[in-house]
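Okay, structure first, notes after.
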Amino acid sequence: MNVLAICAHPDDAEILCGGTLAKYAARGDKVTIAISTNGEVGSPTLSKPEIAETRRQEAKAAADLIGADLIWLGYPDEFLFDTEKTRLDFIEAMRASGAEVVLTHWPDDLYNPDHTLTGRIANDVAIMTTVPNIVTASPVLKKIPIVYFVDSMAGIGFQPDEYVDITDYIDTKKRMLAAHESQVGDWLQDQYGSNAMEMVEVTSRYRGIQCGVRYAEGFIRAKAYPRNIVGTLLP
Amino acid sequence: MNVLAICAHPDDAEILCGGTLAKYAARGDKVTIAISTNGEVGSPTLSKPEIAETRRQEAKAAADLIGADLIWLGYPDEFLFDTEKTRLDFIEAMRASGAEVVLTHWPDDLYNPDHTLTGRIANDVAIMTTVPNIVTASPVLKKIPIVYFVDSMAGIGFQPDEYVDITDYIDTKKRMLAAHESQVGDWLQDQYGSNAMEMVEVTSRYRGIQCGVRYAEGFIRAKAYPRNIVGTLLP
Amino acid sequence: MNVLAICAHPDDAEILCGGTLAKYAARGDKVTIAISTNGEVGSPTLSKPEIAETRRQEAKAAADLIGADLIWLGYPDEFLFDTEKTRLDFIEAMRASGAEVVLTHWPDDLYNPDHTLTGRIANDVAIMTTVPNIVTASPVLKKIPIVYFVDSMAGIGFQPDEYVDITDYIDTKKRMLAAHESQVGDWLQDQYGSNAMEMVEVTSRYRGIQCGVRYAEGFIRAKAYPRNIVGTLLP
Amino acid sequence: MNVLAICAHPDDAEILCGGTLAKYAARGDKVTIAISTNGEVGSPTLSKPEIAETRRQEAKAAADLIGADLIWLGYPDEFLFDTEKTRLDFIEAMRASGAEVVLTHWPDDLYNPDHTLTGRIANDVAIMTTVPNIVTASPVLKKIPIVYFVDSMAGIGFQPDEYVDITDYIDTKKRMLAAHESQVGDWLQDQYGSNAMEMVEVTSRYRGIQCGVRYAEGFIRAKAYPRNIVGTLLP
Amino acid sequence: MNVLAICAHPDDAEILCGGTLAKYAARGDKVTIAISTNGEVGSPTLSKPEIAETRRQEAKAAADLIGADLIWLGYPDEFLFDTEKTRLDFIEAMRASGAEVVLTHWPDDLYNPDHTLTGRIANDVAIMTTVPNIVTASPVLKKIPIVYFVDSMAGIGFQPDEYVDITDYIDTKKRMLAAHESQVGDWLQDQYGSNAMEMVEVTSRYRGIQCGVRYAEGFIRAKAYPRNIVGTLLP
Amino acid sequence: MNVLAICAHPDDAEILCGGTLAKYAARGDKVTIAISTNGEVGSPTLSKPEIAETRRQEAKAAADLIGADLIWLGYPDEFLFDTEKTRLDFIEAMRASGAEVVLTHWPDDLYNPDHTLTGRIANDVAIMTTVPNIVTASPVLKKIPIVYFVDSMAGIGFQPDEYVDITDYIDTKKRMLAAHESQVGDWLQDQYGSNAMEMVEVTSRYRGIQCGVRYAEGFIRAKAYPRNIVGTLLP
């Protein structure tokens, strides 16, 4: 199966669904991580181009850990908008990756507009990927991909429908996050008052307690016609 | 796997999850249907004992169609209450059937108190089935059964989390319902302005359209500690 | 049309739907007010029997103002429960009044258990009123009455589906409330920190602003099979 | 009364509120159908201009069946956005049709962004239609139109507040849909796994069962100041 | 201030609001812990009276750690019901403790009926505590206590309105829980697949991450008239 | 503390949180009112520039009454959009005012898109205000401001989490509103069927009744990481 995680910033996929991506990869699915923005505001000291380039390399290193492909959409960090161009780029990302399942941000999270809009656009273009009259570089998909929303930041307001047991992949998840060296140090600790690595440990364990395993990640399936399914495409 | 459907009146299980029960049975699971009340108000002409006895035989005939066991709790129709005795009887029904999964009414449906309370009690006693200090005729269960709520009557207010494809079992579902001869004639047609058999056809097809198959039934998993699971126990 | 308001305490119907009842009555509908408890805790000085008797007379006087019948169920104030007897009494109240529409408390209000249970029981027995095998003093109803939930106390958490314009009946509503002399003085002012008469003025005006008239009352129709209707039975 | 349905694609109004429009028309109301996009992606074989022109003619034919006017806004299919121009075009559509009631998409449906945004813009500009300082070709409306949201696609997540009995108009509804010849054949069957005509039959019957009539359509009134009303403007 | 935590079983208060109780106590508030059931099913080996007595002593030891009083209501574990007697006992517990604020279970948690009903009854009787005509051993309260609902088990479905920073009290919380020696060993580990002590660590840390402190507990204020307040009574 | 109210039109802040702003100011906090649009459609007779200029002066006069600063963003009334420029202007407004707490519109109100988008953008840029790589005229904030959503228009659909007692400031609130002379006369009375001044009286009194004080305003804290806090920043 072809799996596409499309998230807002480098490190979001790792934090919110890194264990699930590792699990997909481990069982032989083809995993692609698409990142909608370039992460260029993610540093208190580096210039926009410098930190963007750094984060691109970090994202590549993280993806490499599970053999995932990386699609770098490169929109300006904090300034993603819903336009014809972004929709076409998201469609092309789904087509290029042959996406059968898409993991993306939950649009109801009030955390950050890049998250909201990435999730919103990813949900909105799912059907368009199969439409011949919408032309992008890659051929149309044969089947409409199914969309799942990943957890909100710190789980606020999010009640999972489904859980994935990531107990065997928590270490990989942490190593993927650790590849984002520029983000796991003092910067976000100062900004947010908590450490990304510890947040991953606590939230993964918390979701695990909720569903009776050691570590888990939670998801809500996008419930919309004709993308509601019997069973699940989660691993 | 051992499956217990515990519903309020004879014919409720057939209407709301009959296809799923048939599917469980067809793949070899052991299915039990427990009915909390005796259905004694279900006739405009027969006395309470007469219609109760009729309906018990109809329920037996319906269960027989899929090789299911029948547990007849026999509480007075429309007057089920949440008492120590009902809780113990529900616990015993789960233990006697060795229930690993329980299908029951959604407590938020405003339709009928026998439905609300059957769903509520079934949810509430799930953990108690494994507790040694609560003694009933059968031995304690080894594992807490997982509870799913079946659709509301006519689907009002109910948004399924999960669907079961019952395309191959819609005929069985209808034959099971037809076994309730006293209920599929003019009586409920007059009472409710719609025919139970047609309601089953329409609602099953409707849930099917929602999830991309021909006929389906919808469910909500009871989300409570420690009965939230990874994956699903639905067929 | 026959209209039944079934509320928890003397004065509840006046506060929460008095204008609507006056409007029904004014257009010629037969209005009945049923009160489930005897209001015996409604005084800081009078004994239980004294204040209960006082309130019964006040309720009668209020009902008389719009020519409504009064049904006094007389359950102990603050100690109503959902039992076979209460269900049968509620059924009989509906039958005796020939209820085609029932106004009752919203079960989701956390204000008071007599409210919660009155609303819950009234909703739950609506279908039973038409069932021959449930026998009470009056004959069965021919048609299942439609249930509307009245506003919560002070409107907390309540979002009306429908509004009734009571501009022409606000004075009647206030006179009905004023008939509850024992409740509109210092007692509830001390208990609750607000005056019932002013609360009626403010909340009726507030609901009016919400729907574009001077004074209004808000309602939520009980959405349950087979009691969901096309159009409305509100005046 | 003047009624405006403003939907995203040719055939959406027919599927989601065609019976209600036919009922309005039959009782003498003036009905207008506005379509925000040109439907140009609705074919697996025709070019964009070809299928757009085909669908415009189909939309005209469908509208003609009930004597409705057609407003063709012509925005690119799948790429409608919320801009000053779209807002002004929606305002003009409401003014030109003299809209007193507007039926439009429910913005919370996750189905398609043209639906979400059409519903969102239609809701958002309702008040602006009466404002003199917003100038479009037609004169300002005298009264703010009232907005109702039509059902979601396949009813997912949608709980109607109000229902319209369309039993006498189900045939008209189907003939209106049949006028969209390019959409009722294999194309959407292949895309979506279900047939539009059967979906209309099943969902209309389902909503009918929910409210006690043969066929119905469900609606949610936009609850916002000062567009919340007493009673209903539905037929 | 006088604070009453009224929870279902020995150890529930410690798990769900132990840090907050310790914080109240540390700042000089008078804390009382009332436990509605006797915990008699909480052992795989001991008889009901044995484990009940053991747990009562454990509850006493836990309360002693913060100088809290203990009220032991002693209802049969798993079989608490909403009766006149339970309501009067809850009222007396509030009066005896002079409760100005009450912490209790969230009634919407589907976890266990003792939890649901304890929270429900505690909410329902809050106003009654001030009513002279409801007589119990202790005198009436002068002011209606304000009710807060504590977190659900494992936080499922619970979105806190308010948080309490318990960073300085996490150790006390754990020591209070550790006093329940019969519950923190293999028994619940086997039953539930997770360890109570670790669950406290993870959930307290998780709620802390959500509100920007190290450890926290979350609450929802019961929103009902006249018990909605300006500001907070949480420490 | 530095407080920023950022609302859509001149007079919105006064109507929805004027009492709270007056209370902040009275206790010595520095209050700034930012208005995103120029209010240029707010007159049935004046030209756009004329009414915009009038309203700017009215807004200044209202702000002066409590010693608040005014930030006039000047976007076209009814045509605010979420763009890079608006986000940067909102960021600069927060930085220029040194905002520690932000009061803004509730994005779920269906009333008006300027409200929705002002609330949405204000919420979305809160974190960005502290990010060095996003440069505006003023220096970055040291701490992420906390966002509260003010009441919806006429309170529709809005359930406050928190209340502010504005009893001592209701007169100031009304004088602030009265400063908007162009809006409190016949114009909105004709448009909306209610008078702004009376709406303020009724809604403030209504929210007061809900929380036990004479006059109050209601708020919902934006619940998002890392902007969820212990305690409150409301006065």
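Think of it as A, B, C, D, E and F in the order they're written, each chain with its own count starting at 1.
The rule is simple: contacts are C-beta pairs under 8 Å (C-beta built on N, C-alpha and C of every residue); 3 or more make two chains touch, one makes a residue touch a chain.
Keep in mind that this is a model prediction, so the values were computed, not measured.
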Quiz item: Of the other chains, whose C-alpha centre is the longest way from the centre of subunit F?
Solution: B
Quiz item: Where the CA atoms of subunit D average out and where those of subunit E average out, how many Å apart are those spots?
Solution: 52
Quiz item: Taking each chain's centre as the mean position of its Cα atoms, how many Å separate subunit A from subunit B?
Solution: 39
Quiz prompt | Distance between the centres, which are taken as Cα means, of subunit F and subunit A, whole angstrom | solution = 35
Quiz prompt | Contacts with two or more other chains, residues of subunit C listed in rising order | solution = 154, 156-157, 159, 193-194, 209-210, 212, 223, 225-226, 228
Exercise. Go ahead and list every pair of chains that touch.
Key: A-B, A-D, A-E, A-F, B-C, B-D, B-E, C-D, C-E, C-F, D-F, E-F
Quiz item: What part of subunit C is in contact with subunit D in the complex they form?
Solution: 159, 161, 163-165, 209-213, 216, 223, 225-226, 228-232
Practice problem: Over in the complex, which subunit C residues touch subunit F? Could you list them? | Solution: 154-157, 159, 193-194, 199, 202-203, 205-206, 209-210, 212
Quiz item: Can you list the residues on subunit E that touch subunit C in the complex?
Solution: 82-84, 87, 123-125, 127-128, 130-134, 144, 222-226, 228
Quiz item: Which subunit F residues qualify as touching subunit D in the complex?
Solution: 40-45, 47-48, 51, 76-79, 81, 109-113, 116, 152-154, 156-157, 191-194
